[in-house]
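In the two complexes below, chain A is the common chain; its partner is chain B in one and chain C in the other.
Our next item is the complex of A and B:
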């Protein structure tokens, strides 16, 4: 192994690492710093590095632009779609991991649905939800244009392939013998799945849930096209500070902080699992 | 479903008179099909129906600004239009330029950072955690922040250039620089993705071959060329494919940074489809182009992922 002494090479490596980290984290610092600047400090040339912090931008974002509503909508849409994804996804994923119906072909087909560029299907979605929104079922279930149900459906469909693939690798890690012994103890198949398999797959389910939440939270295109104001989500809210008259940079940065920081904290908390999640479960981080 | 299984299992166990009810009502095959059914119904209805709709519209005349809306079938007319539409091909060209440049830079930088992270001794865990941050941020929200940072007058990048005595740049406003600026943003957001996955791959490599090579006094370059990179190849392929698929679907960054401008300097395929379909309401033409685009993406991915898919299918089969 390498010597315990600190060599010149070590020092250089750490310095380079530090510089690289500063470059990659700087935009996040700049976003947070700008959000606390008063309007005159935002539009200075050259930009100021020191300033007196103020909460004006946050006040504006929540009072003028109704950010509370957008956050509520986002939580509703992200939460419900994640629950649906976990229920449908874990059943299907377990089935693929244990019984492999379709001999891998169905798994691949499911993956291809995820490759679809959003823009290619968004117009059909738009027209379908416009129709459904005028029916009684659509009204009762809040499915339609500018209704949260529409986004819940879209995010569930978009996240299902990912969830099935990600959980697949977790279900495969569970030894079959445990299930066999549960069956010998008199558990039925469904009981075995709920009492034995699901608790063991809990880390995988948690990772999937958090990725699914993150995706729904950060999604923009569908939310932008399918909502107007009632069901507007947070990313669309951030972009709302761009107007014909110009861009309100202060409130925009405050809104961006509200949108981005929760996900940054999420990612830090689950960084151990991030790699596995980012590669559909193929690489174990 | 559970009730049905219980009832029929009671019948069958009573017949067999075995004391603990072993529920062998459904064969494994039927049970497995039952488990995937809810997900498959969802996927079939909401993924295939819009696709079918798009295929249908692409064969008709559909201009939503005209009073007829979606009207007569016109055969392959819209596909003929798409193949001859210079604006469409120019946008395809831009998507390819963006994809090749962004993914190449991300791969090179990401691999370099992964090696660096793998070698450092202090605060390795902290550095790795912090690298996650860019890719967790909503692209639209941070894209808008970058638009502010790129601002020619008040932007921090020009501020830094000026304080170093370098010429200031019109990052997003000049035809020549706009695309590179979008690429820089994408590199910022996705290089950490490459770095973290390659790092995980590096850490999973077996130790023995490397120790043996070191005992043989093999040069670092030789070890890299004959051991490290060949053993990393599957991970590198996977990262490359995932990034490439994402790069051709680029939309959010263009929306928040340039809206396709200046002129059409950054109008990639997805943005052109958006403009044609949802600004000019030519559903027919934009559907035809979307389908051509989708077809290209699926074929391209299938080709790239052949080996990876085979591994996955094998893994599934072994289970």
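Our next item is the complex of A and C:
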């Protein structure tokens, strides 16, 4: 009796999970399916489940709508800003973890910068980049409206507070004695940081990099306002298919698949790190 | 030669180490011995350069170390929590200090294998510290410190966290290893036996102050004050408060708290002279070691101090009996055959030439030196 009861519970549990999974995964399935449909198949009512797959939508997205450039922009902006976030963030959070400058007030101040909604600062950013874009420095460093440097700066600024707070606990978990030991073993401060602290904080840094990259990859608002064409990123590019003439469902879903799939695979590959990294930063000597 | 001159370290208003003066001769094994929170680790960190002294100076071979960062002091340290690099294999942990000094690959290989052989950790060279037992980790930590030639080796409770059997063995190995190294060693411990058995000289410290600095024999036989006397030796020294009663003949002491039926202890000539030189203090404390006392069931010419059995701890070959003399607890080592029970009336032999006299916590007289090894139980 007992075992029959439990197995019934198991069945119900699995059924519930199945339903939830269908609810969550169906839009993704539908997006992928639509991206391979020809235009007539997309618009039939009721929707068809069977169709002849075609790559026309992808061809359109890349050849007519310039998606190659957008992907390149996203990769550039997300990649460079993540690297900057890790460099500045690890140095900052290390010093907060070890020396606690400002008795926690500076740490808190950094956190407060995230309390402001992005939309509140978007016009100042717009004006700043418009002015900087006209200067020689702005031109040389590709900073300005519709230039990737602008988005790199914005994403770095937006990601840093989160990165500093996330990495802080990882650095705090590294016993001080390990650094002292490395110093006595004959390594200077910077060598100690590179050879002992960074490798031990690697899981935390990896997690931070993942989140930072995903944020930059998905960001829409700033990219929409600060770019027009040359620096346009993939998320804004996707929205471009919603026009006054109508919604180009085929190319839109094709572009969305291109946008989602890399991050999906990336997250799947690293989900072990992500869960572990967020729950415990255990590095014990 | 390593020298600490008037070294003081304050953390805010808290004084961790106060006016410390220690001098370690070349190749000397010095133990810093004290209770938890006495400032032992702080002292070691000051020598290593991990923390800077608030005042005072540290010299190594005549050069001031105050402005020298740890990586240039040529000192090697074992940390209390081992501080192994968990991202590196045991081999790379051991090779880590050698690589900092730009040693050739062959030389690194040779030295790592040599020290691994001595410490019997060769089978674990490819493992990471996380997969080792406490004893193995501790060996790796020792190995990492001893693999290179340093001027000074600093050992912070390196074997205190091992179980008793392993600790006993490592104590011997450690001493042998350090002798082979021919270098100055500063070893920190709160374990009395470790301190006694390893040190050539030891510094007893308490609350950041040096209580006494000397050879283990000096510390054991002529403790400078009550703290050292009570902290060195096992079972710990017992103390009796006593009042000096001056009268005709040899001076006597009456144990405080026994005024109704006074328990008197006679002083010998030496102690009497010393007391007179000290201006005959009225209140004294008598310190007696458990091994210097004998216990008897009957009163006799020697066993004149009445006491009552309070606790009996059986150790097998002998018992440690805690007795009550008036309000004071006095520990005595008794042979196991006496089969004493709690509340038994007994008589103690408190002989003037075995006791230490203290006034205002400072020692004023010690028993005449007899040649004997510090005895454990």
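Simple rule for what comes next: the second predicted complex is superposed on the first by the 267 of 285 C-alpha atoms of A that agree within 3 Å, B and C clash if a C-alpha of one lies under 4 Å from a C-alpha of the other, contacts with A are read in each partner's own complex, and residues count from 1 in each chain.
Throughout what follows, contacts are C-beta pairs under 8 Å (C-beta built on N, C-alpha and C of every residue); 3 or more make two chains touch, one makes a residue touch a chain.
Quick caveat, the model's predicted, so the values are computed rather than measured.
Trainee: With the two complexes superposed on chain A, say which partner A:120 touches: chain B (first), chain C (second), both, or neither.
Mentor: first
Trainee: With both complexes superposed on chain A, which partner does A:205 reach: first (chain B), second (chain C), both or neither?
Mentor: A:205 sits against neither chain B nor chain C.
Trainee: A:88 contacts which: chain B (first), chain C (second), both, neither?
Mentor: A:88 contacts chain B only, not chain C.
Trainee: According to the contact criterion defined above, which of chain B and chain C contacts more residues of chain A?
Mentor: B
Trainee: Does the superposition put A:177 against chain B (first), chain C (second), both, or neither?
Mentor: In the superposition, A:177 touches chain C alone.
Trainee: On the A-aligned overlay, A:196 touches which partner chain: chain B = first, chain C = second, or both, or neither?
Mentor: In the superposed model, A:196 contacts chain C only, not chain B.
Trainee: In the overlay, answer first, second, both or neither for which of chain B and chain C A:271 touches.
Mentor: A:271: touches chain B, not chain C.
Trainee: For A:186, select first, second, both or neither according to whether it touches chain B, chain C, the two together, or no partner.
Mentor: Both partners, chain B and chain C.
Trainee: Looking at A:156 after the superposition, I want to know if it touches chain B, chain C, both of them or none. Which is it: first, second, both, neither?
Mentor: first
Trainee: So which positions on chain A get touched by both chain B and chain C?
Mentor: On chain A, the overlap between the chain B and chain C contacts is residues 183, 186, 188, 283-285.
Trainee: Per the contact definition, I'd like the list of chain A residues that touch chain C in the complex.
Mentor: 175, 177-178, 180-188, 191, 196, 199-200, 202, 283-285
Trainee: Mind listing the chain C positions that touch chain A in their complex?
Mentor: 45, 48-50, 69-71, 73, 75-77, 79-87, 96-97, 100-101, 129-130, 144
Trainee: Would you tell me which residues of chain A are touching chain B in their complex?
Mentor: Residues 6, 10, 13-14, 16-17, 20-21, 24-25, 27-28, 30-31, 34, 42-47, 87-89, 91-92, 94-101, 103-104, 106-108, 110, 112-113, 115-128, 153-154, 156-157, 160-161, 164, 168, 172, 183, 186, 188-190, 214, 217-218, 220-221, 224-225, 234-235, 238-239, 241-242, 247, 249, 252-253, 255-256, 259-260, 263-264, 266-268, 271, 274-275, 278-280, 282-285 of chain A touch chain B in their complex.
Trainee: Chain A touches which residues of chain B in the complex?
Mentor: 2, 5, 9, 20-23, 26, 28-29, 31-33, 35-36, 38-40, 42-43, 46-51, 53-54, 57, 113, 116-117, 119-122, 127-142, 144-149, 153-156, 158-159, 162-163, 188, 191-193, 196-197, 199-201, 204, 235, 238-239, 242, 245, 248-249, 251-252, 255-256, 270, 273-274, 277-278, 283, 286-287, 290-291, 293-294, 297-298, 301-302, 308-309, 312-313, 315-317, 319
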